[in-house]
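Structures given as structure tokens follow.
Each of the next two complexes has subunit A plus one other chain: subunit B in the first, subunit C in the second.
The block that comes next holds the complex of A and B.
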């Protein structure tokens, strides 16, 4: 296994873990069926790209045209990616989450995802349309040569730090009274309202938090790939992430991590290995991958809806109220 | 304490609640009875704010709450329970109570991110309060079980305890004895009498008329969206039109 392959695997795994933790906060913990999740990852990727790229001074017939081009140093483009994901969540959330029932919210978000991809695909002046952006500068590429093994290790380290940061934030949320309120809203929204909880505010909060984390995952990805185009964030990509959260176990962060490693990473690797066996016509294996992901979702929803790692039951130790024992983080 | 004036709720021309006016006095249990489809639960939902009123005015403790969202009414102390079991099934019994506690430092994104050191004192306080309620309602042994696994009667108790965690000033109970074993229903009756003695105001929809008779200081009768009478159960039994409409038998 060469370093490039290992780096590729680990960085993609890190990005998928971050994305699945974010989706779990929205879907698994808060009950928001965000079928537009990939749009927020894409927003972060585009934002990080145009913040780190040099100003676009080329003529319109150049191979790429784009807005922004602020040439900002690392880590500002990654922070910008997270902010872009969060900012995009505000108008989308205000439109979708306020007046629609949760099933209609899911449909509206799916449509949003398709509209966003179609618009960016066809509107070339903003983000270079279907061809997408290329030659995106990599973090600290002036200090470390990106073609060296050292750079791969460096990038794996950066990704790991982001995974740790996102895990920390998600654990704080899930294991807090705020997380308990989110789980209550997920189970019975109307009842939570009658207990003094504002479901729109709660959902908006988690939509923005999830959007920010999704944006960060996009920024990490584009910094590694150096390219980003509408073909990389089609709506089925969201379905893969949903499959991961369902398979891993909704409502707990460890389940989201397990799901990320089993579905996006695992399926990708199995497909790659099977591709060498020359089975069936061209594209047979990638097509079967989609069939298997669909079957995987159906199978788990039917036979094991709680996933590989079910949400933990939270038991408060006896004597906690008098400070004799302290409740532990159960995730 | 609670005053409804000419409250209406229409659904596509169907008048579920049609000009209901009533007053719920402080520290009393007021009953609301009527046949199925009379509009009692719709009226309760409108008073609690979980359904908006088409017209009319609702005043709670001197404040007009007609346009106020349900969550703000609950924070003011106007708290409802539901006709159908409404436990948070994937939370434990104890968590069902804890989630209702108002003003918890950890119940916000910022509070959560600041970590357990920031909110642990509040958590200790409300765990103590919730365990006190569980003990009072005889459910201490169930606190770590999933609420979804409880019996119908236990789910009713969870709902009442959960509402009490909000320190309500007025409790809107929608058929608290519905689907409950007679022994548990009798326990619930005892708890409600205790709550009245402690000064809690209650408006209660109930079909079990002997409980209404035992618990309620005054009773309103609804039929086809309208109020058709009010008084004590004894006085209502003497009104032929009410007996014909609802109290037959």
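The block that comes next holds the complex of A and C.
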């Protein structure tokens, strides 16, 4: 149990918590099945990387080539990552969310995710293709030596601040009248529309907010890993996050946090432990983990669609006409 | 111009492969209301079944038949054991998309330790080259085109002239009305999954044969092209899927000739996006991807 291991665990947990809260805002609260979620995290990671890296002056046959290379000081790349996630959400949202049925939206986003990965993987000039970016500068590495324990504590602190910030924003959204409108749209889109709410505008807003948070999570991840490549953001990564939100309890931020700790973090730890055993052919254990994640999704959707921590039922207070909200549309 | 004419020939082959896959996919959606994202994985599983048989020295055409039977049985079982219970439980369309994605992930990862990452190819992937002017196709490729045309004719006859086909169309149009008219919709749906599963398995073997070598990760690409063709034609419309397949097959091969073969799927995706923006209901559809009023 050394500091490096603890830092690894905590920072990954923080990133997963942030990502799950963002996905919960989109999927749990607003009903957008964003199968391209990981693309927004990747956009944030790439943006943060090229904003913080030095200008690419090496010749094209060197080990990596990239655009940007602005060499910006610390908080700017992370902000840039969030902005990149938000900016990417605008065109994708405009194509997907406007006039498609919700199940088509889901498959269109899934296809977007697969294709985005193919394009970045094959196109070397922008972001170094399949090999990906390496030697990404870490935040404030010229002030604190990144190989020391104190840097790990510093990075854990930074991650914790971001988690708190994201939690605060998400809680404000969920508990506000705006959040109520989102839930109304998710449960009864036609009724919300009839009451004068614009579902496309609402979904676009949440798509951009979620994209920004996803971008931030990518920026945190790349600052710690210092590498980022297409193989780290294949579409099944999105499914893990979906599994987390479904297991934790969709619509409930606390559920999303719990899901993040149970599914991505829990599975990571299980692999680490099981990896020492030598069972079956190579890649048997990781493959079985994916099967388990699939079973987790099916099992929860079948037996407990509301998740471990179900969304609180919000009852209209006394004095209003008493009515019970229609709960859940996925089961 | 020669290269374009040659690419036209390859486009016909691609169109045949895509048509086999897309018609099965779109029928599943049209009749059972299921966007089956595990379709690509069933295709690749069937391709591997055929590969193991082909490896034993059996002719690829017999292996293809076994692949189709495997696809039929596998799809039938997936529907009976997973999709159908979830649908009966009242899971929403969106929930079913998530379920099928989870199933897809599970199939891929159950296969992974068995088949591993390495690309494989069939023994008979090379065959004699025949020339028709500038178009040069192998005997296999011509057989694929002929097979696709024959299967499309069979599907057309099935939907048009048989009792089962009529029952399928009735079930697609209005399942509860069909049931009330005495059509055994459950059996019809079983038949649909078996037939489309056979198409899916056949398409998997054909696609694998056409692409020289394949790996476990080829499934996603198969799915995307089938999806693009189905959506372009109007989801749920078998004839639309055939037209969509021809359009996508020709355009991707021509773009590969002009631009780069790496981006075939990207071109298919670009067509998909254009359709979703400009004509979400697809070329032929009455319903399709356009948002319903509610």
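Quick note on the criterion: the second predicted complex is superposed on the first by the 314 of 331 C-alpha atoms of A that agree within 3 Å, B and C clash if a C-alpha of one lies under 4 Å from a C-alpha of the other, contacts with A are read in each partner's own complex, and residues count from 1 in each chain.
Here, a contact is a pair of C-beta atoms (placed from the backbone, for glycine too) under 8 Å apart; a residue touches a chain by one contact, two chains touch by 3 or more.
Being a predicted model, the structure only gives us computed values, none of them experimental.
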item: Contacts of A:195 with subunit B and subunit C, given as first, second, both or neither; value: first
item: First (subunit B), second (subunit C), both or neither touched by A:95; value: second
item: In the superposition, subunit B vs subunit C on subunit A residues touched; value: C
item: Where subunit A meets both subunit C and subunit B, residue numbers; value: 190
item: List of subunit A residues in touch with subunit B within their complex; value: 169, 172-173, 175-181, 183-184, 187-188, 190-199, 205, 209, 251, 311, 313-316, 320-323, 326-327
item: Parts of subunit A lying in touch with subunit C, wherever the complex brings them together; value: 31, 33, 35, 95-96, 99-104, 106-108, 110-112, 114-115, 118-119, 122, 189-190, 235-236, 239, 242-243, 246, 280-284, 287-291, 293-295, 297-298, 301-302, 305, 329-331
item: In the complex with subunit A, residue positions of subunit B that touch it; value: 48, 50, 69-72, 74-75, 79-80, 82, 86-92, 94-96, 98-100, 102, 104, 106-109, 111-113, 115-116, 119-120, 122-125, 127-128, 131, 143-144, 146, 162-163, 166
item: List of subunit C residues in touch with subunit A within their complex; value: 35, 37, 82, 85-86, 89-99, 101-103, 105-106, 108-110, 112-114, 116-117, 220, 224, 227-228, 231, 235, 262-263, 265-266, 269, 272-273, 276-277, 280, 289-294
